[in-house]
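Should a chain be cited, it is by its letter among A, B and C, assigned in written order, with residues numbered from 1 in that chain.
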Amino acid sequence: MKKVIIIEDFCIACYNCEVACVATHSRSEDPVKAYKREGLRGRSNAVVEVESPVAFSVMCRHCRHPWCMDACISGAIQRLDNGIVYLDEGRCVGCWGCVVGCPYGAAHPNLTVKDKHAFKCDLCIDRLEIGLKPACVEACPNRALIYDETMEKRAEVHTP
Amino acid sequence: MLFKKPQIQYYPYIVQRDDYRCVRCLGCVEQCSYDATFYDEELDMLWNKHEACVGCKRCEAMCPTDALKIIPNPSRPYEHQSWKWDLVMDAYLQANTGSIIITGIGNDKPYRVSFDHLLLDACQVTNPSIDPLREPMELRTFLGRKVQKIELAEAEGGNITLKTRLAPQLQLETPIMFSAMSYGAINLNFQESMARAAVRLGTYWNTGEGGLHKRLYPYVNSGIVQVASGRFGVSRDYLKVAAAAEIKIGQGAKPGIGGHLPGEKVNPDIAETRMIPPGSDAISPAPHHDIYSIEDLRQLIYAIKETTRYEKPVFVKIAAVHNVAAIASGIARAGADVIVIDGFRGGTGAAPKSVRDHIGIPVEVAIAAVDRRLRAEGIRNEVSIVATGGIRSSADVIKIIALGADAIYIATAAMLAVGCTLCQTCNTGRCAWGITTNDPRLARRQNPDIASEQLYNLVRGWSHEMKEMLGAMGINSIESLKGNRLRLRSIGLTEKESEILGVLPAGE
Amino acid sequence: MIKSEYVIVGANVAAVGAIDGIRRHDTKSSILSISYEPIGSYSKAMLAGYIEGAAHQWLEYRGKGYFDRMGVKCLIGRRVTVLDIEKSRLLLEGGEEVCYKKLLLAVGGAPFKPAIKGAENKELVFTFTEFLDAQKIRDTLKKFNDVAVIGAGFTGTEIAYTLNKLNKKVTVVELGDRALVKALDPKSSEIAESLMRDEGIEFYLNDTVEEIAGDREITGVRLKGGKVIPCQAVVTAIGVIPNGQLISGTPLKFDRGLDVDEFMRTNIPDVYGAGDVVKAVDITDGQKRSLPLWPLAYQQGLVAGINMAGSMYPYAGGLPMNSLKFLKLPILSAGITTPPDASYETLSTGDPKNSFYRSLVLKDGRLKGFVTIGAIDGAGVLTGLIRSKIDVSGIKEKLLYKKRIGLMQLPRDWRNKIFTRRDETAYHD
């Protein structure tokens, strides 16, 4: 299964993946409106971790055995036939089982009182359907995120 | 704290932020390597310290919502025809520091660029032009000593063989090479990118004086290794593995000046590559301490030739200075296979501004002078000439070849291909584009996968354009253009300038 | 007589896990799921929501068509009365016979009911573990205003909180000295308790209900300490014990839980167990015990299903994880939160307003458990650290103080394997 491969050697902490993620998952699909009008700040499924000089963006790994799904009491998280681990925000009851279950910290709680539910990467399922790559991959200016099958064949590249 | 020394306030750039478009992603804070951007958590605002901004435009390029613009400060010092604003700022700065002003990149003063006063010829009616998309067009060229005449022999069975022993040659699929930039001055990712691009393009890259990193050994067949006055990283293997060796006497941006890589930039990896202790200053003396004459240079050239069993061409690189033609003649006679002439618009990682802006001569003038002198002395065939320092486009390449060069080196253009914005702060080691820095946080901004593609694209584009221009002139091989000044005309140059370049004025 | 290749007693989360597991390897054979409950495959952890008024369809966490989609026949509302191991068959209520080739016992747990004087024959004495309980409470909501909840464990606090939200006056009686003793450490118990007190829930700790007063209608409960609390309803929520009803009298090994090996097999060939009924390995200390927790039930079911379909896939052991979703501040915990002896190291931090609290329990440099309150994003990384048994002694400070825990502190090689390699996750990573 293709997924987002993270090349931490080339993450430059520009946060473009976060903004692209938020914009893609907004109603307006516009970053400024998504942050300023739709209140989606902090709702990126990809989260950039920075501790200079190291940086990387982490999003759902779409595990074969998703811990988050096991812990989901409402059935909001299910593994689709194409391998995508999908969280239906409408069915989520905000029990945070996935948050405590995911060993990569890739399921996030939305703690705002109005709208308590978890959210996680859906691999931009809508974009994939029309032949596009996930938004974060497309937004990454330094190819630190790649949408690909596997990294086994690729020689590792390191910065000193 | 508001207090600062007077005149700092006239900083050159303003970071203009559209606060509504800014979504507080904090990308700009991470991108700025000059501490000019910071986030105020209490106010949930991003602020800029404009006086720290060097105008590298990294934040502007990376802003995902187009909320940033770096603009010249309209209130930077008033200027008049004599005192330009940067001179005024320099005076302020030196009054505060009392030290030499160091800068990077190349000469930014408005000297006349002769390239922009040269026009190319084209065929009309009486001789046919060539369409490079339909007919063969050759950019291939060879660098190295050419013999006066060749002798052939007929072997048994009628096969013709070459009797004359040829000097070693470098075969270039396009006459554009990547110029010397050392590991230390630039980062390894960028050097690797040039190496990869050179391999793919069938041309050459140059290690610079900083030695050859072990990661770049796979690309060394297309590498030219440099021997400079500091002799960093030079060993027998270093000379033997490469395609050619280059003795660096001078650099166009700072003729007569040595180099100095401060100890704090000499990390263990650089130290290993340069073969010096980590943390020690890497000082390249201004002269080679064993070269005080053409005869001394000849000794070094032949020492290298001996080491490499006369299998590799030896380059000698000098800065373009006033009597460059006579020096070049001496170098040719000293046994060099290739002479590299570096013009005064060439780049540097760090040089005193006074030197960068006021020493040397333009490469196009130097090449014309050197070519004419060597022809006059009948030794033009004994060396190839490579021009570098101030070549900005495919048209510049065509023009300089018509003025007598065999090939060219690019460096500033290569840096532009991977993002450089000419902010002239290479010397700080904080290049926000990750080009002239080895800070691990910044060096990762050059991904060799991307950068090598960019470099490849640039040279490929130039090569296509060169083919078009050659075709228009009815020439099907770059070799036929070398020194062919009849295909050039000058415009807006004085009679004397045209005479030095060896070209006729337009209309004549 | 009904014949089926696979028979699953139970239709809840462990059964769903088993169906998922079987269908990974065997898409053809017949599967039969039998449950006495009136609805199949619902989420017990969401029953509080049902009491609050949600539709029962909302509880069906795999959606209506799940069993059809997976090609599973269901006998809903049918109770298994006899398990006949020797003849590989079950008898249903009404005498119908079901023959199996492979059997999974996913019969779940039963509420632990202490013998309390006066608890019999009263309408408004409830337990709170399954749909029928929730329905009973929901149907009789109008009949009481004051309610005593016995037990301040996970279900106790949840039902207390829910009833409080429905404007009932709730009193919680707990034998132990603090609430949520299994899931939390003393300080976080205190925070959770004060959060509930703020909502108006009363607590009586170190005490227990001795008698439920009243004839048919409850008038109050009398505590051992002597105090009498007036109320009209009582909920006992002391805990869940493995349900051994069907198993007693069979050769199956059952001692405070159905005994299973790492492949979820019982001591009888072709009979498997999963869910709240079994006792399986707890990875924090390697001991076998009953851990009636949602994710573990699913995982055990899945492993059982995979193995029933012919594979040999080991269960890596369960890790107790808890999430208190109903409070104002989210509280998450996993593993050992209160160190049992001095060989454990405990680190904790918090802010004075108790809006953030975190404690870590370590042994030999390995993380064994944690509690985090307020800042929960990335808490799963800690869970992952417990499972992967990486030495965290060098990074424990950062794990403690960083509000959002990420992968930055983890070893680079480990991290990059996750980032770049093909997915190799299993229950033993």
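As a working rule, a contact is a pair of C-beta atoms (placed from the backbone, for glycine too) under 8 Å apart; a residue touches a chain by one contact, two chains touch by 3 or more.
What you are looking at is a predicted structure, and each value in this text was computed from that prediction instead of being measured.
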Grab the C-alpha centre of each chain and report whichever is closest to the global C-alpha centre.
A
Which chain has its C-alpha centroid at the greatest distance from the C-alpha centroid of chain C?
B
For the pair chain B and chain C, the C-alpha centroid-to-centroid distance in angstrom is 69
Centre to centre, by mean C-alpha position, how many angstrom separate chain A and chain C?
29
Report the inter-centroid distance (CA atoms only) between chain A and chain B in whole Å.
42
For the complex, give me every residue of chain C touching chain A.
17, 43, 45-46, 49, 60-63, 294-295, 298-299, 302, 321-323, 325, 330, 332-334, 376-381, 383-385, 387-388, 404-408, 412, 415-416, 418-423, 425-427, 429
Enumerate the contact residues on chain B facing chain A in the complex.
20-21, 23-27, 30-31, 62, 64-65, 187-189, 267, 269, 434, 438-441, 443-445, 447-450
Chain B-touching residues of chain A, taken from the complex the two chains share:
9-16, 18-20, 31-32, 34-36, 41, 50, 52-53, 55, 139, 141-144, 157, 159-160
Would you pull the chain A residues touching chain C in the complex into a rising list?
1, 3, 5-8, 47, 49, 51, 54, 56, 58, 61-68, 70-75, 78, 93-109, 111, 149-152, 154
